[in-house]
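When the chains are written out, they are named A, B, C and D in that same order, and each has its own residue count from 1.
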Amino acid sequence: MTENLHLLMPELFLAILAVVVLVADLFLPDDRKIYLPWLAVLGLIGLIVLSLNLLWNTDLMLYGGLISLDNFSLFFKCVFLVLGIIVILASMDFVSRWLRSPGEYYSIVLFSILGMILMVEAQELLTAYIAIELMAFGFYVLVAFGRNNRKSNEAGLKYILVGAFSSAIFLYGLSLVYAYTAVTHFDAIEASLSSVLANTDQIGPSLWVGMALMLAGLGFKVAAVPFHMWAPDTYEGAPIPVTAFLSVGSKIASLAFMLRLFSEAFLPAIDQWQIIVAVISALTMTVGNVVAMVQSNYKRLLAYSSIGHVGFMLMGIAALSSIAIDGLLLYMIGYAVTTMAVFTALTAFFNMTGREDISDLGGLADTHSYFAAAIAVALFSLAGLPFFAGFTMKFYLFAAVGTEGFLWLAGLAIFNSFISLYYYLKMIREMYVKPTPDSVRLVMSQSGVSNGISKPTKLITCLSVVLTLSIIYLGVYPLHLLKAIQAATLSIW
Amino acid sequence: MGLMELAWIIPASSFFAFVGIIAFGRRIPFVSPMLSIGAIIVGCILVFVVVMGRIDADPTGIDFFSRKWFEVGGTELMLGMIIDPLSIVMLGLVCFVSLMVQVYSLSYMRHDPKLAWYYAIHALFAASMILVVLADNFLLFYVAWELVGLCSYLLIGFWWEKREPVEAAKKAFITTRIADVALLVGILLLFHEVGTFSMKETFYQAQLLGAGEVSELSSGTTMIATFLLFIGAMGKSAQIPFHVWLPDAMAGPTPVSALIHAATMVVAGVYLVARTFALFEAVPNVLLVVSIVGLVTSLLASTMALVNTDLKRILAYSTISHLGLMMLSLGAFGYTAAIFHLVAHGFSKALLFLGAGSVSHASNQTDIRKMGGFIKVMPITAITFGIGALSLGGIPIFAGFWSKDEILIAVFNHRNFLFLIGTLFVGFLSALYMARAFYLVFFGDLKNENKSVSESPILMTAPLILLAIPSLLFGFSVFGSDEGYGGIGRFIFFENAHDFHFNVLLGSISVILAVVAFGISKPLYITRKFDLNRIKKYFSGLIRICERGYYFDQVYEWFFDRIVLVSSRFIAWLDRAVVNDVGVNGPANSMGWTASKLRLHVTGKVYNYALVMVLGSMIIGSVWWIMVAG
Amino acid sequence: MDNFNQIALIFILAVPLFTGGALIFFPRNKIGAIRTFALAGSLLTFLLSFYVFVMYDYHEGGYQFVGSIIWLMDPLNIQFSFGIDGISAPMILLTGIVMLAGTMMSWNIEYRSKDFFVLFMFLVAGVLGTFSVTDIFFLFFFYELAVLPMFPLIAVWGSTTDFGSFLRTKEYSAMKLTLYLVAGSVLVWIGIIALFIETTNAGAGTFSIETLSQMSEDGVFSRKFQLIFFPFFMIGFGVLAGLWPFHTWSPDGHVAAPTAVSMIHAGVLMKLGAYGIIRIGMTVLPEGASGWMPLLIGLGTVNVLYGAISAMGQRDLKYVIGYSSVSHMGLVLMGLATLNPIGVTGAVLQMFSHGIMTALFFAVVGMIYERTHTRDITILGGIAHRMPFTVILFAVAGLTSLGLPGLSGFIAEILIFVGVFKTSIFLAILAVVGAAITAVYVLRLLGKAFFGPMDSKWETLTDGGPRELITNGLLAGIIFFVGLWPMPLLRVINSGVAELLARYPI
Amino acid sequence: MITLVHFQIVSAALFSIGLYGVMARRSAILILMSIELMLNAVNINLVAVASFLDPDRFAGIIITIFVITVAAAEVGLALAIVLRLFRNRATINVDNMDLMKW
């Protein structure tokens, strides 16, 4: 059992890294704590290199089928590690400015990433559950990290209450399904389910209720309607980098896990869940995009918008074909890059002003033209306009979904992305047309150094440039990414 | 053949003169008249060359020359010329009058700062008017037709600094443009049936139709199309009810009125009907309409001319009236008579207008009530004006007499008695108002404020004299000569050549009427033998109606202001308030409203969140169960 | 030279993109350098577009200057393939011309001029891309790319106008325009996916227009499918072409937009809509097109009349022109809907002619607005005294729009009328009437706003400078050239239309 | 004879009580306790199923152990947050926690 332990080195080292960061925090004096995030980033870069070297093209089931190391997991492992780097870099200014105990913050970020990685690798319900909780616990803490911030506290409490409730639901569903299958491995569940489903008259409602409860638990994680209501509150209350991390990391990991679960364990019941997932996705995208239209807080707006995007991504699961999965993965990456870009730029803005209202963005194009442009690019990308990642990913996913007989769903999605354009344009209008509000100008000039306007740090500017360029790169030439994605998809479908 | 083909140079030279003036005229003011007049002289010379060519080939024949202009989807659209007696006569008229007017303008317009622009449009007008005459297919014809309309617009609005000419120009363009809609539709209908714009082919088909043979034209369409063509002609030739623009067009410079609104452009409508006579003949019913319109127009216009006091407007109404006569003649199969009258009228009316220009140039006014006795100070103008007046009045040996006579014969032969009476009455009125204008301007006492008036310079009087000659002598072209010329009836005719006839009865009646008209004018207007005011009182109602132009303008104005503008404002409002604010903003707003309601479902209460989650999963579970069980 | 021809289209796309991209790195305050560079880029683009147009071999027809790069492999099979045919070649030329003129007319923009030119270049790149690609994905890609910069261009550099009874802010107009166009592309997008699904079901999913039309010829698309999905393209692209009743974005957008953007927008962007209907709808779905054309021709007629009548009731110069664009695009749609060579050729020619004409219109109105700061017809008046050349140029555009012979508009309109006559005489007559109404409002406008006695407040007005006059003079020259000798343009269009209509029963 | 169904009924009842508690209680602490009830229902279910249907591998029992552990950690975490909230706002009533809504 232990001969393959070295294959788990990335996960082990990640855990060690998290602990090291936590411990180092104790020993470093306050003025040296700036080294912590760099340590974490270096570690993550090392882990990426390690993973790529170690796991390239492996396809193994480890430990009696608990964990699968295939291209799919490798792909997501890299994605999450890179995400970790981005989140840590984007948080640095924020943390030093608005939060205390940086060591804990970074170490919890790392633990959450570990949870995400394990979620994608899990091939068995218990492992998956532990991984989910590992990730979720990290987020519970991170959301409530603004210690004396009432919004942050409230968001943390709501998140943990609803989160605990949802994991209870998920577990109860799990136990009901377990009562029918008596196994927890995905492949075993698949086999058992198909034999159970062979004679339908013997199936009681409890199997379906169980599956529905599991779906609800997962729906909570990805914030699918009607399990989404925590998301706006939590996103709004959480510190901005955490919001970004939450809306990208948590969602992608949960969706990837959902993909595994539905494409492997629950595959025999596809006739039942496919339509339900399709309906959920339709509801999700509609509610998310419509409600986002009337928001005035940009974090809350982006929360609803991310609900809308989850709706789009759920279509990929509903369609469930190789091309749809390609599309889903492409969408995930595009969404991740774009969302991180917009949140990075907004973090920079928040660092300067401490404001969260859309109207506070007024005149940003005059005061900080680069950040205004970066936000605009990212928003256009989210709206699915070309030249940016958003267009490519939407086109691919929608076409893929369409070919699987869900043209109505694709049409609805296209219509929804049209609605989304409205509120993105509202933000852009604010930045480009409206004048800077006086209060914001005041804050900027107080915190600033030169010519009355504060400047964001070089670090976050560079990060934002890189992300913006990636958006354009993915929008213009996604071929390389798509090749990687196809390699990843091949191992699960 | 070879000589005739040179005809394309006539419009081309004027067109290049136009381009040249536009390019250089502003810098070198002197160059513009030179270019324009030079081009038209070239034109005049070439007319002779073309006539030679025509005579060499077949004097009464018809020839077509065409080149490809462009090609669309296999259909070739051509640029071409038609050279036959009709076009040659028109060419001669246009070139000659243009030359006269342009020379006249040298003096008349010499102080105007926009002289270059003036000559540029003149050159363009000459080019396009000649193109109208020469065009051998309907498309090119329409092109030229619209271009003369543009030139008319530009020339009427030449003094655009003032409000009145601008309005008049707009009115002229829009009125003719509305008629042109009909023309264009007619042309397109013909194209639709015949498959080509070529007049040659269209006429051939029309003849087949008229002869009752198999033709691509159906009689119904032909009738409609021909009628539509006629409406186009009505617009250009100011036939009732499209006549309203012509009196207003007098706001332009007087030479322009002479050229465009008397001799050339306004007769384009008559020319159109004559040119497409093959079509009209195939559907004779339309010709009846033509003659009725012509008669009504000439009657109404001549009464209006009789009561007007503005010299140029009198001439304008007179023009309308005579155009009506030409139409009447065409409607009565008097093809030759119409063209004959067209030319005779063209010379005479150009002469009259130039004379009027000379008068107003000298006295700075156009109201005939303020004039009188001018014969003493400007004899040349007076005499030439008199020749014009007599010619139009139909006094024997003057050109107008012969042509009117021809028209009377045509009406007598082909239409009923009422038409004849009407025609004779128009002839009488025509003589009367010409006599009135002539006497009031040139006879009587010279008023004090006009003491300083003197004869116009030679550049203005020379064209008057040159135009007086044909007004005096052109009529004799009805007679044949020995050298192969068999009279106008043997030169310009439609299908059947005919010799000159003179109906003694008709002739004498018309002569008597004309002479009486001239005779009673002097006692009536100058020596005041009769009490004019009593007569006026007696007819006061009628006179007021005439003075107001039968209320056409008022009706149109009412229609335009109250119906067209109001409805367009209504549509504009509709577009903004209904289509946009309701149709476009409505869905957007209702989406916003939905969103503002829908957002309330996120209550902020944790227990609600939990409840919805449970309910959601229960619904999903039950749906699944029902799906499987059922 | 052959080698160059293979990449000429890439160059056409790359030059504005590169210009726009490079301008980003210019220092903000070096306005002179920014302008010069933008002008150089525009000039080069124009020359390239002219080269492409001239070198297009109309005897041979079909797609030329073709090339293809694999962009995404299986299963979507998206290729960046490009090439132009007889319909897109004139459009490319048009874009080049209008772009150059637009750059010239934007010379005076001081406020954030760098950003303006960057966005402007991207806008043009989008338009050029749409015209030059032969893959539906990229067609859509560039189509949306062309819509994207419109929002900031209007919202930032546009103008808000208070019309007394109602107010049109630039934000509102920009928002409406962008949303409207994207709403149209929602339908297009659905249609494209439907096409892809259908081809996938037939065994080979593709986005290539040539393959698609080949498949369509082989009967892959059933009549029912075509009838269902043609409206998606017709209305989706029709929105951009100002199809009634989806036109209200256009007058408001034109009014709010800055000069150069109005020029590009009305001049070229609206043509994208008609072009899309041709390139996808009519090429790939002939039976659907035949089935739906009666509706399109009817809506086109409504466009013509409604636009013209609305224009008559306006007081703002730009609104008049905006509604006249609606009216003229109606003629284009009618021409397309005839499905016969003359009508379609007329429509394509009208696209070109209207593009130049409208660019001229907006350029001149821009000049007037820059000097008088008003566009209200009743306030202007007699400005021809001070701005004679400007007014002449406006008159040229106006006369073109009312279809005066000798100007490009006439040939296009007469061809459309002839074409429509073959389809429906009644509608053709209405269209002719619409053209006559154009005369009414154009002449009223000329008379009221420009001629007549001058108001004393215009004493200090100056006429356009050489830059403006030369630019607009060139546009007017093109109008004259096409009006007098349309053959160079028509023979290219003919070859494209012949190919397009080869599959329609006449 | 006590069968699996009996255990399941008990478990379902427990779970329902927990659900009710979550919906009906307004104190964050009580809601957490209700969630604990629900988790215990899960545990009963898992253990019963494992011993009735899966006696060889008893995966359910293993899961139960983990659930207990994780639930403890969860409650700890949640209580910490509740504490923080109480310090800042002097209430743990979830009705008052609607700073963010809509």
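Convention: a residue touches a chain if its C-beta (ideal position, glycine included) is under 8 Å from a C-beta of that chain, and two chains touch if they have at least 3 such contacts.
What you are looking at is a predicted structure, and each value in this text was computed from that prediction instead of being measured.
Asks: Consider the two chain pairs B-D and A-B; indicate the one with the greater count of contacting C-beta pairs.
Replies: A-B
Asks: How many Å are there between the centre of chain A and the centre of chain B, using C-alpha atoms for each centre?
Replies: It comes to 77 Å between the two C-alpha centres.
Asks: Give, as an integer number of Å, the spacing between the C-alpha centres of chain D and chain C.
Replies: So the centre of chain C lies 64 Å away from the centre of chain D.
Asks: Per the centroid of Cα atoms for each chain, what is the distance between chain B and chain D, given in Å?
Replies: 97
Asks: Counting only Cα atoms for the centres, state how far chain A is from chain D in Å.
Replies: 26
Asks: Which chain D residues sit where two or more other chains touch them?
Replies: Only 22, 31, 94, 97, 99-101 qualify.
Asks: For chain A, give me the residues that contact two or more of the other chains.
Replies: Chain A, residues with two or more chain partners: 157-158, 161, 165, 169, 232-233.
Asks: Could you say which residues in chain B touch two or more other chains, in rising order?
Replies: 599, 602-604, 606, 610, 614
Asks: Can you give me every chain pair that touches, using the contact definition above?
Replies: The complete list of chain pairs in contact reads A-B, A-C, A-D, B-C, B-D.
Asks: Would you mind writing out the residues of chain B in touch with chain A in their complex?
Replies: 591-592, 594-596, 598-599, 601-604, 606, 608-610, 612-618, 620-625, 627-629
Asks: Can you name the residues of chain C that touch chain B in the complex?
Replies: Result: residues 166, 176, 179-180, 245, 248-249, 252, 306, 309-310, 312-314, 323, 340-342, 344-346, 382, 384-385, 399, 402, 404-406, 410-411, 414-415, 417-418, 421-422, 425, 428-429, 432-433, 435-436, 439-440, 443-444, 446-447, 451-454, 485-487, 490-491, 494, 497-498, 501 of chain C touch chain B.
Asks: For the complex, give me every residue of chain C touching chain A.
Replies: 70-73, 75-76, 112, 115, 122, 137, 140-142, 144-145, 147-148, 151-152, 155-156, 170-171, 174-175, 178-179, 182-183, 186, 189-190, 192-194, 196-197, 200, 205
Asks: Show which residues of chain B lie in contact with chain D when the two form their complex.
Replies: Going through chain B, the ones touching chain D are 599-600, 602-607, 610-611, 614.
Asks: Enumerate the contact residues on chain B facing chain C in the complex.
Replies: My answer: residues 69-75, 139, 142-144, 146-147, 150, 153, 157, 160-163, 166-167, 169-170, 173-174, 177-178, 180-181, 184-185, 188-189, 191-192, 564-565, 567-573, 575-576, 579-580, 583-584, 588.
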